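In the two complexes below, subunit A is the common chain; its partner is subunit B in one and subunit C in the other.
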Partner chain A sequence: MFATLASGFEMFLTPLAVGLTFMGILIGMLVGALPGLGPLMGIVLLLPFAIGMPPLAGMGFLIAIFVGGSCGGSVSAILLRIPGTPLAAATLLDGYPMAKKGRAADAIGIALAASALGGIAGGVVLIMASPTLARFASSFGPPEYTMLAITGLFTISLISEGTLVKGLMACAFGLLLSTVGTDEFSTGFRFTFDNPNLMNGFHIVAVVVGLFAVSEMAFQVMGSDLLSSPTIQKVQPGLGSFVRVLRHWPNLLRSSGIGVFFGSLPGAGGDISSFSAYGVAKAFSGSHENYGTGEEGGVVATEAANNATVGGALVPTLALGIPGDASSAMLLGAMLILGFVPGPLMFVQEPGFVGGIFLVYMLSNVFLLVAGIIAAPLFIRVLSIPKAYLIPAILILCCIGTFALQASVFDLLVMFAFGLVGMLFRLTGYPLSPVVLGLILGPILESNLRRSLLISREGYWIFLDRPVASALVVLNVLILTGLLVSSLRRMKKARGGKRALNP
Partner chain B sequence: MRTTIKGLLAAVVISATTLGVARAEFPERTVELVHPWGPGNAMSVSQIIAKAMGEELGENMPVISVPGAAGTKGQIMAMERPADGYTVFDGYVAPLLLQPILGNADWDFRDFKPLHAAVSNAFAIGGRADETRWSSFEGMMEYGKENPGALRYSSGTRNNLPHMVIAKVLQSYGVVAQNVPYTQDGNAVKDLKSGILDFSFVNVGDYKADPAAFEILLVMSELPGAKASYDDAPAITDLELDLNLSGLGPMGWTWWIVHPDTPEDVTATLRDAMETAMKRPDVQEAIERVGFVPLEWDHTQYEEILSSVQSQLEAMGNALIWEEEQLHSLDR
Partner chain C sequence: MTKRQMEWVALAFFAALVMLVFQQIATSMVEQGIASGGAYDNAASYPRAIAIFLGGLIGIQAILLFMKSRSLDAPVRTEGRGRAIALLLVFGGYLMGLNWLGYHLSTAPMALTVMLICGARPGLRLVLVALGMAFGLAFIFEKILSVVLPGGTFGLNIPW
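Moving on, here comes the complex of A and B:
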């Protein structure tokens, strides 16, 4: 563990890597604070630029955006009662009442300090747990990876917004997209229509920028508040907030633990962990009746939890190559483009890179506190910029970034086409995150399934012959059963409700 | 009228001068090397040569990875770019020679202008050090003959050069084994070590990283340097069987090429820069550290050497079909 960390210093200690980590925090906080964007969008928008940089500097930039974006939403939640991201939805429960009582600066300071400390706690778990998990997983073969990919697909479809069926259908769409290109097993072309641009499938960055960013901007353009500029009070949080947060140390540790736990589960994200941590903090608090009226403990719990989630989410992403959520799926995609294949082998072959990732993650959280406190007035000012200026700027960024990937006009067309697909998904209530997971996990699932069957001398029994694979089969069956039972119950309840309304 | 003619003349003169200056100053901007594989040892080696060649040219030479379709995607992309010398293709044997032989590409290696040979990389067939079922390559072949279809092996991706060569060796022994494709560097070796595969192609880099884990059964090269890289393990020359493989035939290699319409003076500049880079001791040492062998052939030897490899590969061509047919007949 320490050897991995030490070997990371050489790659990490460069002005570019450190500078980009700092920039990433600022950009992350910015996209987190702006309603409708968030860490995933930040990663999507800046991915084309990050993959043109040296690997660790590029990853430091993206991880810092993930960290900053997971905290930035609290600024708009506290000041405007609009969570910049769903991650900060629980923060407004006590953050906004604090602001109303004239303690906005305290609330933002506490949110920043709790996020940074929660993130560091998540980082400690990441540094300790991921090498152990990678070592354990080094004997995993194609059957185990097949089952892990299925677990990832089930859980993300389960927890994403919208109905279960829609989640699974979106996931299946992502899987279908992942089949475009050359079939590496037969070297035949699938759905390429003799177009050399499609020989390697769609470029994942062009697809996600279109699905998420272009469609979101299209919806924002249709809004009625393009020129409105909310008036926001000026606040300047101070370092004293750090001491205030430390006074809540049991709550801080507990909430960080909850965040790491939910982060490491495939599919569960920061929003679930922050609401859970809030509930637990309230239950444990001596003054639980004050929760919801501007209690510092509420902000500490939610913000510590949603940033600790980032550290937790990176554990399966780095150690197994199976992403925990859509944001870590994008980080995994970036690592693949940069030439690093997350999984147990990366810990053996590229310890310097893994150690560097640990270090940029820890530094991001330190920067979060420092940059957050210094630059908070700037983020607050950005909140008052009308969308009429922000939307074109973001769209230009999308176009430049996507074109720069391979200097390809085809990628731009793909981006706009998937922008339309994203709009259709949003209009019909289909979640977008499962598409990304399907697109990234699709090749992992397909190649490992086909490889398992080629290796097996007894067909599908290979999945039950190996202990870890069979345990994962049981887990997947349990998840699927739970999924079916809960949706049947929901359907029954909905029917019962309708009958009660129309007797 | 006179003014128009004067204007036209001026335009012609200016264009000609500009073109002349542009030619004289080649390269004026970065020259890109299109590499047909994803990141890994092969790309690192190409980066070493490209960096040195860029230093000779006085411009950076970034390596652009365009993997896919057994290397043909990169070659198609590189050849679709303007024939101005600013795009060089890392002509690996798989896209340049093998895929046309397999009917997956419609070009001939003579369609392109060669710069200079770059590197070759020998590979070996390796098993686990703790294997108890056999202790030599011949022993494994006997096991394979007694148990048709039971052996599992990987050559990395499918239909690549190691796959063709291993299939040829297996065909010579009459052994039917199942090829399991792996797209990421290192995963096949990982699964060999953990007992999922029975044998695998092992490159020098993988072997040097953990020699105690492998029993190198057969080095797929007749070159003494390749045998030495695997600590004098048995090589194809030690077999009683004549596989008709010599020179670059059983090995991976790359010969950098440019579009056939690239102007002669530009091609000459690129050739000179690459030749100088390849002769530099620092470049040769860096290449050898990764386990690859720098090649010294210049463009004049391109046709002669590649023709010989082409005929060897064509003769091996039926090994892949044979493997597939044998496996199908076992399924039935």
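Moving on, here comes the complex of A and C:
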């Protein structure tokens, strides 16, 4: 563990890597604060910029956007009662009442400090747990990776918004998209329609920018508040918030633990962890604390949890190459583009890069507090920019970013087509995250499945012959059965409720 | 259009996708000789399995749609729909014309039109904002990141 960290210093200690990490925090906080954007959108929009940089500087930039974006939503939640991202939805429960009581600066300062400390706690777990997990996974072969990929796909499909069937359909769509291009085994062409642009499949950035960013802009333009510029009180948080947060240390530790736990589970994101941490903090609160009316503890719990989730999410992403959510899937995609294949082998072959990622993550959280406090007035100003100006700027960024990948106008048309698909999915309640997971995990799933069958003498029985693979098969069956039963129960309950209303 | 009709459109999209997979397996992949054999040679087995899985889910979703309550017969959100369609038309047109007009000629007018669609008042200030946006981002990408943006048929690229 320490050797990995030490070898990371050399790659990490460059002005470019440190500078881009700082810039990533600022950009992350900006996209987090603006309602409708968020860390995923920030990573997607700036991925083309990052992959043009040296590997660790580029990854530091993206990880910092993930960290900053996970905290930035709290600014608009506290000041406007509009969470910039779903991650900050629980923060407004106590953050907004604090602002109404004239304590907006305290609330933002506490959110920043709790996020930074929660993130550092997540980083400690990341540094300690991921090499151990990678060592354990080094004995994994294709059957285990096949089952792990299926576990990742199942959980993200089942936990994301929308119904179980729609989640699975979106996931299958992503898996099918990943088959477009040249087959790595037979070198045959699949779904290329003799178009040379499709020989390597769809570029993931073009697909994701279209699905998330273009469709989001089309949805934003349907809103009625395109020219409004909310009046926001001027606040300047101070370093004293750090001491205030430390006074809540049991809550901070507990909430960080909850965040790391949910982060490491595929599919369970920061929004689930922050609401869970809030619920637990409320249950543990003393009689003098009145959660929901502007308690500091409420802000500490939710913000510590949602930033600790980032560290947790990076554990399976780095150690197994199985991302926990759409944002870490994009980070995994970036590592693949930069020539690093996350998984146990990366810990052996590229310890410097892994150590550098750990350091970049820890530094991001330190920068979060510093940059957050210095630049808070700037984020608050950005909140007052009307959407009418932001929408075209984001569309131009989508275009330049996607074009810069391969200097290809075809990628821009792919982006636009997936923007239309994204619109259809949003209008009909199909979740978008499983598509990204399917697209990224698809090649891992297919190559490991086919390799498993190649080394097997008994066909599919290989998945039951090996202990870890068979345990994962059982886990997958249990997850699917459990969720099928719960959704059937939910349907029955909903119908019962309707009958009671209309006898 | 009602929510139910919209749901059927989504199902038709998925169904078309499944049919496309089988059509490609039966034609292009068979011609290439990659639609049969063992795990190494058979490049069609995996997409076929996913298409079958997706087909099954489409069936389940169709049944659920038939069973669902009348709340789905409410019309889908219509306010602002005209703006969204206009935005997509302008943006789509911009992308189509990018190869011909180039980035520097087409981006500022696109940004200006999008702002007008959003309801911004036309005027010199808006034109300046659009120009600032288009050329500011171009400067960052062309000068700092050495990205060559599409010059179009006129080969317009700014030597910053």
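Quick note on the criterion: the second predicted complex is superposed on the first by the 500 of 503 C-alpha atoms of A that agree within 3 Å, B and C clash if a C-alpha of one lies under 4 Å from a C-alpha of the other, contacts with A are read in each partner's own complex, and residues count from 1 in each chain.
Rule of thumb we're sticking to: a contact is a pair of C-beta atoms (placed from the backbone, for glycine too) under 8 Å apart; a residue touches a chain by one contact, two chains touch by 3 or more.
In this text the structure is predicted, and so the values were computed from the model without any measurement.
**Student:** Which term applies to subunit B and subunit C once both are placed on subunit A by superposition, clash or fit?
**Tutor:** These partners fit in the superposed model.
**Student:** Is A:S186 contacted by the first partner subunit B, the second partner subunit C, both or neither?
**Tutor:** both
**Student:** Could you say whether A:R489 touches subunit B, subunit C, both of them, or neither, answering first, second, both or neither?
**Tutor:** neither
**Student:** Where does A:M217 make contact in the superposed view: on subunit B (first), on subunit C (second), on both, or on neither?
**Tutor:** The second partner, subunit C, only.
**Student:** Between subunit B (first) and subunit C (second), which, if any, makes contact with A:N200: first, second, both or neither?
**Tutor:** In the superposition, A:N200 touches subunit B alone.
**Student:** Given the superposition on chain A, which partner contacts more residues in subunit A: subunit B or subunit C?
**Tutor:** Comparing touch counts on subunit A for subunit B and subunit C gives C.
**Student:** Should A:K101 be classified as contacting the first partner (subunit B), the second (subunit C), both, or neither?
**Tutor:** A:K101 contacts neither subunit B nor subunit C.
**Student:** What angle, in steps of 10 degrees, lies at subunit A between subunit B and subunit C when each chain is taken as its C-alpha centre?
**Tutor:** The vertex angle at subunit A equals 70 degrees.
**Student:** Thinking of the overlay built on chain A, is A:L454 touched by subunit B (first), by subunit C (second), by both, or by neither?
**Tutor:** Touch status of A:L454: both partners.
**Student:** Between subunit B (first) and subunit C (second), which, if any, makes contact with A:R81: first, second, both or neither?
**Tutor:** Neither subunit B nor subunit C is touched by A:R81.
**Student:** Which value, in Å, gives the least CA distance between subunit B and subunit C in the superposed three-chain arrangement?
**Tutor:** Between subunit B and subunit C, the shortest C-alpha distance works out to 7 Å.
**Student:** Considering each complex separately, which residues of subunit A are in contact with subunit B in the first and with subunit C in the second?
**Tutor:** Of subunit A, residues 185-186, 189, 451, 454 contact subunit B in one complex and subunit C in the other.
**Student:** Within their complex, state which residues of subunit A touch subunit C.
**Tutor:** So the residues of subunit A touching subunit C come out as 49, 52, 163, 165-166, 168-169, 172-173, 175-176, 179, 183, 185-186, 188-191, 214, 217-219, 221-224, 226-227, 386-389, 391-393, 395-397, 399-400, 403-404, 407, 409, 412-413, 415-416, 419-421, 423-425, 427-428, 430, 446, 449-451, 453-454, 498.
**Student:** What does subunit B use to touch subunit A in their complex?
**Tutor:** 38-40, 43, 65-70, 72-73, 76-77, 80, 104, 150, 152, 157-159, 178-187, 190-191, 194, 196-197, 209
**Student:** Using the touch definition up top, name the residues of subunit C that touch subunit A in the complex.
**Tutor:** On the subunit C side, the touching residues are 3, 6-7, 9-10, 13-14, 17, 20-21, 24, 28-29, 32-34, 38-44, 46-47, 50-51, 53-54, 57-58, 60-61, 64, 69, 76-77, 79-81, 83-84, 87-88, 91-92, 94-96, 98-99, 103, 107, 110-112, 114-115, 117-120, 129-130, 133-134, 137-138, 141, 145, 147-150.
**Student:** Under the touch definition given earlier, write down the residues of subunit A that touch subunit B in their complex.
**Tutor:** Interface residues on subunit A, with respect to subunit B: 138-139, 141-142, 181-182, 184-187, 189, 196, 199-200, 338-341, 344-345, 349, 406, 447, 451, 454-455, 457.
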